[in-house]
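Report on the structure given below.
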Amino acid sequence: MDKMPAWADAVLVPLISILLAAILSALVILAIGENPVEAFNLMVEGALMRSAGWGYTLYYTTNFIFTGLCAAVAFHAKMFNIGGEGQAMIGGLGVALVCLFIPFPHWTVALLVAIVAAGAFGALWALIPAYLQAKRGSHIVITTIMFNFIASAVLNYVLVNLLRPQGAMDPATARFPEATQLPTFQDMFATADNPLFRGSPANVTFFLAVLACVAFWFLMWRTRLGYEIRAFGHSESAVKYAGISPVRITIVAMLISGGLAGMMALNTTMGEAERLVMNATEGAGFIGIAVALMGRSHPVGIFLAALLFGFLYQGGAELALWTNIPRELITVIQALVILFTGALDNMVRMPLERLFVALGRKDA
Amino acid sequence: MTDTAPAIELKGISKSFGPVQANKDIAMRVMPGTIHGIIGENGAGKSTLMSILYGFYKADRGEIFIGGKEARITDSQSAIAAGIGMVFQHFKLVQNFTVLENIILGAEDGPMLRPSLARARGVLKQLSDEYELSVDPDQLIENLSVGHQQRVEILKALYRQADILILDEPTGVLTPAEADHLFRILDNLRSEGKTIILITHKLREIMEITDTVSVMRRGQMTATVKTAETSPGELAELMVGRKVLLQVDKSPAKVGAPILQIENLRHVDSHGVERLRGVSLEVRAGEVLGIAGVAGNGQSELLEVLGGYADATGSVTVNGKPLPLTGTGADGAARRKTGIAHVPEDRQTEGLIMPYTAWENTVFGYHREPEFQSGMLMDNAKIREQAQDKMTRYDVRPPDPSLPAKAFSGGNQQKIVLAREIERDPDVLLIGQPTRGVDIGAIEFIHKEIIRLRDTGKAILLVSVELDEIFALSDRIAVMFDGQVMGERMPNETDQTELGLLMAGVTERPGGDPIKAVDAALEQKEQREASQHD
Amino acid sequence: MDFMTLLQVLDSTVRLATPLLLACLAGLFSERSGVVDIGLEGKMLAAAFASAAIAAVSGSVWLGLLAGIVSASLMSALHGLASITFRGNQLISGVAINFLASGLTVLIAQSWFGQGGRTPSLMGGGRFESITLPFANALRDVPVLGPIYAELISGHSILVYVAFLMVPLSWWVLFRTRFGLRLRAVGESPEAVDTAGISVVGLRFAAIGICGLLCGLAGAYLATGLQAGFVREMTAGRGYIALAALIFAKWRPVYALWACLLFGLLQAVALRYQNIDLGGITIPVQVMDALPYILTVIILAGFVGKAIPPRASGEPYVKER
Amino acid sequence: DPALVYDLGGKFDKSFNEAAYNGAEAWAAETGGSYRDIELQSEAQREQALRRFAEAGFNPVVTTGFSMSSPIASVAPDYPDTKFVTIDGFVDPEEHPNVLSILFSEHEGSYLVGMMAAMASETGTVSFVGGMDVPLIRKFACGYAQGAKAANPDIEVISNMTGTTPAAWNDPVKGSELASAQISQGSDVIFAAAGGTGIGVLQTAADQDILSIGVDSNQNALHPGQVLTSMLKRVDVAVQDAMTAGADLETGVTVLGLAENGVDYAMDENNADLVSEDMVAALDAAREQIVSGEVTVHDYSSDDSCPALSF
């Protein structure tokens, strides 16, 4: 079946797809009367040419790595977890609770406990849909969508009625204590005469995300559990034959998936806002799906795709700052990227395959 | 049209799927009112050629003449218009539609359904009477036996007034009695002047019914001969390209103590239909117990229950130790620990993970064994090494453990599964359809392996729909019909006819028309299933 | 609850159920043909915007309706291109369409009207007025039935009646016509349809076209029937609820009606009775707000059990042996 | 040059942010100056926008929305020469001398329109539709209820929130249904403080021929003759003033209540026929009492409770 070399499938197809999305985006920008070249320059300038820009790009990247891994685990088990958003919200609640109510001596301890809390809360939020899928056959796409809405209501209730400091307007918790604040890139890399990453929110959780990528690789391709998850994703009937419980795999995979989504909250809640706000997730759960797809559910791909979306977010912010382009343009660009890399990738792959077959014939 | 014009003539048909050349420059002529057989190894390109004739695929090159006139067959619609009907290997029926709805689908009279359905009901009645093709027009397809589903497929073609009928491996799923019935229908159709193309792997069938036969090999048409002027041996040689042994050598079994004992086994499927209805069997050390039966009579469920992935009631013991049949402990992994190995019926959806590499597949189901672990991780290096060794010993071609399972041909996939299951040195080997879709060369090897394992004193439970295979391998034969064991026979004390009737639920040789008795038994089965289905 | 309140809740139910019903039937046609569509939300949104924009510019609600249908159909065509022609992942395509609609509607609205992603308020002929059915006022005083007729049945915009008529019509099309037979077949077994000489692609595009049409009606109803203009994200998750209703309805038109009415009722009740006081324990508004979603989950878990979708849905059709 | 940062609702929300935009435009028109603005898209952009504007030399940097106070508190020390303004937010002036916090007494303005609602009501029932259930909106509702009860102790006040997610700001359909429900419960004046959702509320009120009250900006013109009044929150004035002051902006905390004309009710030709002289007189009297301290309107956010309404 080797119609096309693997590198072409992994690199060339997404690249051409992104290019197509970019061209269409440029047309949209032209249509609303702006200059696409200038816009692109602004985006690159603001996202990649300054250390603070990188600080933001990597901050968003961190979010998307976590949600991308979240979607990818589910994909490997042939499930579509649209609930990353809700799981991340509830993960944030876990982070907030430990940060607010446990007096930590040092951020390292706080981070360790918060990782557990974020993961556990996110996983917990994935548990019910997982259980229902495994035991009752309730479609996980629908249940996770519903759980996003429910998470939002839960968070709203908790923030408005329970965790909000007296008199505060924001539906948000109080600021976390000093000891729980994570070191940012600025804290880590800036020197007196070289103020790198000034004010940007990228923080240690970025390294945690990278670590998560590595752990994900080991889990999926080096452990029995990963072997079973992938096998389940390829063939449910084969897995039954082998004596692997589909119920167990469904639930475990979703718990891992939800846990990863929950950990995204470490970045936004503990790393950036240093308090829990209502809309901390901002659709990153959905972007994660696109990231996982683009990244072919492989950690390296996910990292690169997350970087691309991080760039889009940060570049988009710069556009909003220095031009009059409405922020919805970024939504449109995201939609186009998802469309071309996720849904229309065969449009690129099919002609490419034909090309490679033709080239192969000539060689032979 | 003169009477010498061939009903079908193909010239220079070529087709490739990417790098695979499935048909190479094929020419073929079939005269009207004849039955033309096509044989060839798996993957030889038979189905592809017929799909081209039916407009399902488009040929890269070549011409098709129907009744002497060039026909431009661009899609199934134009093939149907040219009077061609096809019964595919895998039926193309809508499972939750009625027979009638399936018949009219695509051949409706007008935009409204009712008149079409009413007319079809009449035509159907007439056709069934004419060709002995009776089937309940209002029954849902999913409630029909495969044999009846096939009748629906034939009726579909006749309803569309096909003059040319293509049947792709129609007998693989039929009891011998049903196959006989089918051949009688085909005979009828031939005498009506219809032209029939019959694809089959069974040389016996070719010899029995066809007028002419073509042999395909590796995408090419290697020979076309008059059936009367050839022999099975010659055809086999033409197919494979070398002499083939059509019989397995085997010494008498040295039977030992009972290993696997099954008592009153019952199983209800997810739709509430009882699939096993009190099965009792015993397999002893050093023997092959062959289970004969038409697909869908509980054999698959028997294997699933024994393999640990379907719940049941009753009792199963291995070496005297009872096995749990529900709940925890009733799964494939636990069964493996008790010494049961299982070569499943469907290697592609059960036995192998197709995208996994061969080496990953060689531990599938055994991947939690301590010997394949190093610390928390799997010891991939070791697994790979052992896989290489197994593949060499089982002559898997190509012997490359890093290829994905889907890149191997059917026979070689089966060898990978066999290697995995046999290498664990089990006490009991469950083996379903060991050579389904495998060609003659590989069959030879697989049969030898099974006999070799028997001779080391293992208890082997073999399920197969191929009676030839059952006879070739079994030391004892049990026949299943409708979830029950209809009887046990010794291979040298019975014949295909008797087994065939047992397979259709008829326990005594009927005095009258066997077809009637068979039909009655089948109908009873269908009714029970339909009434239990929720 | 007295009779009038009940009527008003039911009245509100009908209004809230209408967009759900149209979207649900849209999804029904699509999924019956084997194309899963989580982009209902986006299509409705696009239609809501286009209908309001064109109605505002032209002053004709009918032109607006047409524009709504066209724009939802364009979105459908995109979904078809991705999931039928190029056999892409249908869920991803749906997600992308939701994003696209969410961004494009505001972007275009802003560049046309400069009102922050809103269309101007529709007046007069730019809106679907509510229709008073014959004798509604005369019969109002007849006990019980009078108010039911006058309050509940009469007095909705024409699209409401269209939506309810769509239920028997959809049933009839699906189960009584050749097209319906083929449509249901292609969602169950595309290879059966293909070998019968019917184009799978053609049928699926037809189904998706109907889906676009119905989403167009749903969006137009939101922006020009219920409201007098478009505001950003005005579909507010209704596409997802419609999907849940579709599963609840087991992909059948008449059940779809009941499912959508149930969801409409839930919303109507939640809107009217916030903070229900149950003898000391107050149920917070958040619970009422989340109730439809919670109920969906409960329904999926318990009552429907294993809802079995059309067998081929979600899978692109690839010819095979 | 000054810069302006809008909250997540976006520039043209027909109420709060749009008022800020109008103020900036008015300043630009008056002085011929130019300014930069940005609509935030995500939480993390809050600080980013502040920093980027401060770095680029914009001064003052004006922000809308209570959510900006936290980011300002963390950014302000890094740019001591830049003045930051947080409208609706509070930043401790002791710690951050370069920040001006502008707070509005929404409860006072709401009190006045509540009075007007009660007086205009013929059924003895008035109502409130909020957007997302957050404390700020409860503050509006609470003031409104107090005003209504002050004008007519027997008045019935119904209050509903649209939802608990940000979608509640943009669901006019739900707004309509809420309004309908309230109307059927007898309400004949509805105050909507619900962003885009309010559009639906006002529409339904107009369609069903009862009165509504707009919020933040003057929304009387949306349905001339059918919007009783609008509770004005003079964000536009605050923005314009801040921009006019420029780099010399005086920092600290400013509370803009009735006394400062920071909140008010809108009168124009669209509602002239709806508001009687009695009403104007009563409202003027109440305004005086509040300004003088004779009457205090309870602020929900001061202790998260409301004497006139339960949530």
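Every chain is named by a letter (A, B, C and D) in the order it is written, and numbering of its residues begins at 1.
What we mean here is this: a residue touches a chain if its C-beta (ideal position, glycine included) is under 8 Å from a C-beta of that chain, and two chains touch if they have at least 3 such contacts.
The chain lineup, named per UniProt: A, C = ABC transporter permease; B = Heme ABC transporter ATP-binding protein.
Just so you know, these numbers come straight off a predicted model, no measurement behind them.
K.L.:
What chains touch subunit B and also subunit C?
P.N.:
Joint contacts, listed by label: A.
K.L.:
Suppose chain centres are the mean of their C-alpha atoms. Which chain sits farthest from subunit B?
P.N.:
Result for the farthest chain: D.
K.L.:
If I count C-beta pairs in contact for every pair of chains, which pair wins?
P.N.:
Contact tally peaks for the chain pair A-C.
K.L.:
Averaging over Cα atoms per chain, report the distance between subunit A and subunit C in Å.
P.N.:
30
K.L.:
What whole-Å value do you get for the distance between subunit A and subunit D if each is reduced to the mean of its CA atoms?
P.N.:
That pair's centroid distance is 36 Å.
K.L.:
Averaged over CA atoms, how far is the centre of subunit B from the centre of subunit D? Could you give it in whole Å?
P.N.:
75
K.L.:
Residues of subunit B that contact two or more other chains, please.
P.N.:
Touching at least two other chains: none.
K.L.:
Could you pull out the residues of subunit D that touch at least 2 other chains?
P.N.:
Residues 10, 133, 164-165 of subunit D touch two or more partner chains.
K.L.:
Got the subunit C residues that touch at least 2 other chains?
P.N.:
Residues 110, 117, 237, 286, 289-290.
K.L.:
Report the complete set of touching chain pairs.
P.N.:
Listed by label, chains in contact pair as A-B, A-C, A-D, B-C, C-D.
K.L.:
Using the touch definition up top, name the residues of subunit D that touch subunit A in the complex.
P.N.:
8, 10, 36, 38-45, 47-49, 51-53, 66-67, 69-70, 75, 78, 88-89, 132-136, 164-166, 301-304
K.L.:
Inside the complex, what are the residues of subunit C that reach subunit B?
P.N.:
175-182, 184-185, 188-189, 191-199, 311, 319, 321
K.L.:
In their shared complex, at which residues does subunit D touch subunit C?
P.N.:
Interface residues on the subunit D side: 10-14, 18, 133, 160-161, 163-165, 167, 170-174, 176-178, 180-181, 184, 196, 199-200, 203, 222, 310-311.
K.L.:
Under the definition above, what is the set of subunit C residues touching subunit A in their complex?
P.N.:
Residues 38, 78, 81-83, 86-93, 95-100, 102-104, 106-107, 110-111, 117, 237, 240, 243-244, 247, 284, 286-287, 289-290, 293-294, 296-297, 300-302, 304-307, 309 of subunit C touch subunit A in their complex.
K.L.:
Per the contact definition, I'd like the list of subunit C residues that touch subunit D in the complex.
P.N.:
Contact set of subunit C toward subunit D: 4-5, 8, 11-12, 15-16, 19, 110, 114-118, 121, 222, 226-229, 231-234, 236-237, 267-268, 271-272, 274-275, 285-286, 289-290.
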